[in-house]
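Going in written order, the chains are labelled A, B, C, D, E and F, and every chain counts its residues from 1.
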Amino acid sequence: MNSVVVRNIRRADPAAVGRLARFGVATLHEAQGRTGLMKPCLRPIYPGAAACGTAVTVLAQPGDNWMLHVAAEMIRPGDIVVVGLASENTDGMFGELLATSYRARGAVGLVIDAGCRDVGELRKMGFPVWSRAVSARGTVKATPGSVNVPVVCGGAVVQPGDVVAADEDGVVVIPRAAEAEVAGAAAAREEKEAKTRERLARGELGLDLYGMRDALAKAGLRYVDDPEQAG
Amino acid sequence: MNSVVVRNIRRADPAAVGRLARFGVATLHEAQGRTGLMKPCLRPIYPGAAACGTAVTVLAQPGDNWMLHVAAEMIRPGDIVVVGLASENTDGMFGELLATSYRARGAVGLVIDAGCRDVGELRKMGFPVWSRAVSARGTVKATPGSVNVPVVCGGAVVQPGDVVAADEDGVVVIPRAAEAEVAGAAAAREEKEAKTRERLARGELGLDLYGMRDALAKAGLRYVDDPEQAG
Amino acid sequence: MNSVVVRNIRRADPAAVGRLARFGVATLHEAQGRTGLMKPCLRPIYPGAAACGTAVTVLAQPGDNWMLHVAAEMIRPGDIVVVGLASENTDGMFGELLATSYRARGAVGLVIDAGCRDVGELRKMGFPVWSRAVSARGTVKATPGSVNVPVVCGGAVVQPGDVVAADEDGVVVIPRAAEAEVAGAAAAREEKEAKTRERLARGELGLDLYGMRDALAKAGLRYVDDPEQAG
Amino acid sequence: MNSVVVRNIRRADPAAVGRLARFGVATLHEAQGRTGLMKPCLRPIYPGAAACGTAVTVLAQPGDNWMLHVAAEMIRPGDIVVVGLASENTDGMFGELLATSYRARGAVGLVIDAGCRDVGELRKMGFPVWSRAVSARGTVKATPGSVNVPVVCGGAVVQPGDVVAADEDGVVVIPRAAEAEVAGAAAAREEKEAKTRERLARGELGLDLYGMRDALAKAGLRYVDDPEQAG
Amino acid sequence: MNSVVVRNIRRADPAAVGRLARFGVATLHEAQGRTGLMKPCLRPIYPGAAACGTAVTVLAQPGDNWMLHVAAEMIRPGDIVVVGLASENTDGMFGELLATSYRARGAVGLVIDAGCRDVGELRKMGFPVWSRAVSARGTVKATPGSVNVPVVCGGAVVQPGDVVAADEDGVVVIPRAAEAEVAGAAAAREEKEAKTRERLARGELGLDLYGMRDALAKAGLRYVDDPEQAG
Amino acid sequence: MNSVVVRNIRRADPAAVGRLARFGVATLHEAQGRTGLMKPCLRPIYPGAAACGTAVTVLAQPGDNWMLHVAAEMIRPGDIVVVGLASENTDGMFGELLATSYRARGAVGLVIDAGCRDVGELRKMGFPVWSRAVSARGTVKATPGSVNVPVVCGGAVVQPGDVVAADEDGVVVIPRAAEAEVAGAAAAREEKEAKTRERLARGELGLDLYGMRDALAKAGLRYVDDPEQAG
């Protein structure tokens, strides 16, 4: 395996990250055309977790967290570390000592396609992690991987420097080049949804508000009065 | 596929629903002879969630939440919406906009054999959802299903108008016709358990209280003093 | 099947259990050489759950909680009940009535390779449980198993009388004979980690602190300045 | 639990079953509007397995195959036994002895939402089984369930007397009342597919044959010459 | 971790292994009181695979097959190698090169709680393997484990020298001390089953043959003529 | 979503594909440094399946196989179609009609991160498919995706034009640019393995052949004569 650490990556613009951080993951995912979402097996380790930052990526070996130590040196304030795995693994590769180090370097969170431990301490620290599992299983430091290469995490491709946003609904990747467009679309979506919400709250139906009745009829939906007519 | 919305369903009696709502899911499941329970993969999206209502049922397509919009019109106060899927899917078919609409129509909750999103907002709203997954994944509105037909959700059959009760232990379906009998049996069970609890809390053994010793001996259970005799 | 209850087991020394109880599961697991950890599918039923005690073991049949009643009589103050299953099962074998009985006997918690119910009540009682699932599914009392024989729970072997520690990170088994050694190693580890934490918090890198740079270079890790050189 | 065996069920007409048996599961599932299919976790125990018969249904307890013995008496020539489970279980509830008995009674196969064993012998006998798992795990005979009541198996509802068809693609349930209509639709579908197959084999495109180009364009699909234009 | 290779183990008597090898896994599992069975996730890599031998045990690290090389030296003719994992892993730790080596040392098969590769070649060689997965994923040789210590594989405890039998139904462990008793019980069971099979094949019902009717009635099973009476 | 079909892709050189096709997936995966392997959940639909070709990629929606029809037009002889999914789905998106069309266009196989049906017919045709599931579930043609854009399939990134090789061990992606280097490394590896195989077959130990003894001792592995010394 070609093990490499890339020192210089092009990070998304901090101001753009700030604009994106105002939105939830569901909104951002919709705003960029329903792409970039990680699989739902990646869950936050505590309720209310939320983070948005620029990705420092790690490719790690199963049962081995050596590269998570290597990655610390590459972290800059505002980064979120994203760890892909060479093969499926749920060991507890990250805990409060690494979190202490990552925070000292300025990291805002971690997304890992493996396990996490010390979740009680991490909750107290307020260091948010999204992981596939919680596991106390310790790991070795024996086989190198890479830092700041493209990785697949939760089924999504992450390029170093991409924006990664995460909350209780999951994790979404926004390519560096798309940040402005997505922020704009998200804002437009929120504005529109605010109006929709108000109308729905008053009891108006989405069927009417979104004008769905014709399309439904054309698609073959029938209304009947009684179960006997459902056949 | 035969896509149909049934307008008139026979709902369980609101007074009966009120009586059932006083009991936990485990008690109701036992009270009706250990039937009607959904599989444990259906979980509440926040701790403390609880709901009991009459089922408006939805059969939805994978990755498509069109019928959840159609169902809104069929909701009456006290209903709980139950969504079965044509095939396995974990996409985020339901979020806070639909919850706003459902609440405005009087719904008390949602049970969905797929994913849910906006869980932070739903917790703030206090709108309880039981789902197979939390996922921000957006869905299309392209293929109709049905509303108020019998569905399978979490491995259990739900008829429109059945009582559906849900709490942190899971989700149970009580057929409309059985509501009175189940409420009675549940009340009897609770009363009996209150006495049992008191005796157990004082240190009495279930073995004696339930009179199990003879049956255990007959079933072949042996007591030995030491590990060496365990053979 | 040979169904047996062993009355007398050699329990770990209460003082030793007390010493071990001060440490988290991750620390204990590391301190005994990364052994004895149960699989991460065993999860606490509420946040903040923690327990440490001497194991009373149960081998139960799928869908049958008879032996959990039998086990109650064997509990002494400071015990934690550990339930292995004859085959995979997620039914709700344990609830608040059994918890009331177990607590009255002095149990500090339960670890079960199956399901648990009444989780709302158990949280209110503060009776911690680690289980594979939450399920309201009721169980029969028809087929005996055993109590206080060696069991496999969450993939780990548990001997009656072993120390079992559990928290939000998982569950670890410490053989009775190893308790003193593990407590010592855990204390040493915590002391060392306190110093490490301080240095990491100041921004020092693990790479330097742990002296990893040479080993990484020897293992083939290369640093490059730009993505184009990563190839 | 209400344990009952229903002696007299209305079976689908044997001639209709014979007509349906000529078609594959995928065709039958499509012919009845994409309904009635069991989940793909139900797999044949050997390649080439195929069966079509009238359902004798069984509701069994986890780890308990008592009702499979009870069901034998209800089997008539041409029946297929369908076993739903009260809770999730993969134990080996069925093996060659039961298969010998079932075959002597005229059964053409078994579909079980649990495990099967003796698969080598069953393959030699040519007795086809669709199951969730292969497992040698033995079961008890301690708790009754029911025979010939509606069951959920693989997520599909099966009524006693329904037609159940199974092959390497899975298992489909055809309601007794729908048998003639489905057989007709399946035949029409096969006829149409034969013509389609011929045209596709000659290299004609489905895009043209099915006339999809306009709908795709309307749905927003763009064709570009080069990756750079894909943006 | 304490990494150790134990050179001398007490193997089951070859004559006893030979007697056990005549029986299927389901029979052996029943003959020893339904114990010792591995979980059904362990599957043979090709149909018809069967093996019975004395266990050489391996405790391996995730993603690391170093100890499988170490184990080769400990193999004696008639051994079957059983690999437990320090944490869950499906990498392809074993392939045809290791199989060539193992066969040269006299091994009759492999059971591994991880992945296997080169399954086409292994089928041609006729070297049977039971594994959790088939995976081409390569592994490192970086971290030692142990050989000939007790391991957990597929949820069952295996002591070095135990008899391990495997076929299409799964894998069962027979403790060295129990070999004679289990072989006797298996023979008795087969003899009895032969008579039962004959009677079942003639159409006699298990209900009568096993005398189940009274017990079923006592357990509450009711027979009714029509669905309407099932209530 | 941005739905696009890219007409012109740069395919790997056919001669290079031919050279790679001589090797198994495990060898190719090792030869390119243990990268590019899809997850083991992707399995061939019949034993002995093998294929190697240039990737035409498809991004499909859950429950919707429209884009598989669109992709047919883009197939050139020697291509293998690789389908990634917008969200997890196991529906039977591909069957013998599409296979007939794909074969007529020159495709050598299909890799799909979803389900496949008509597996009996596909086996008869000899059209190899690797899929996550076998399912008869039908799909709609309602929502567009893309063709010949980068996709994630089985956790691996596939670029249009990459070489994809698949056999019973799984599926591996070889980037177009790496084809020559990988073919060379694979040939060298096979040559070396042939010699190793011969020596292992003669009973030589990998420990000696690979010179592992020193490294093992340095890593802390101890040899003891008896279990009592294992401690």
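Going forward, contacts are C-beta pairs under 8 Å (C-beta built on N, C-alpha and C of every residue); 3 or more make two chains touch, one makes a residue touch a chain.
As the structure is a prediction and not an experimental result, all values here were calculated from the model.
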item: Touching both subunit B and subunit F (chains); value: A, D
item: Between A-E and C-E, the pair joined by more C-beta contacts; value: A-E
item: Interface sides of subunit A and subunit F: same vs different residues, half threshold; value: same
item: Matching chain pair for B-D (criterion: over half of the contact pairs shared, by residue number), options B-F, A-F or A-C; value: A-F
item: Distance from subunit F to subunit D - Cα centre to Cα centre, in angstrom; value: 30
item: For subunit B, residues contacting two or more additional chains; value: 2, 34, 37, 86-88, 90, 135, 137, 142-143
item: Topology of the chain contact graph, where touching chains are joined (line, ring, star, complete, other); value: other
item: Pairs of chains, among all present, that meet the touch criterion; value: A-B, A-C, A-E, A-F, B-C, B-D, B-F, C-D, C-E, D-E, D-F, E-F
item: Subunit B - residues contacting subunit D, complex; value: 1-2, 33-35, 37, 39, 86-88, 150, 152, 155-157
item: For the subunit F and subunit E complex, residues of the former touching the latter; value: 24-26, 29-30, 34, 37, 40, 43, 47-48, 167-170, 172, 193, 196-197, 200-203, 205-207, 210, 212, 215-216, 219-227, 229-231
item: Contact set on subunit D toward subunit C in their complex; value: 61-64, 86-91, 135, 137, 140, 142-143
item: Residues of subunit E defined as touching subunit F within the complex; value: 2-9, 46, 66, 69-70, 72-73, 90, 92, 95-98, 100-101, 103-105, 115, 117-121, 123, 133-138, 141-144, 146, 148-149, 160
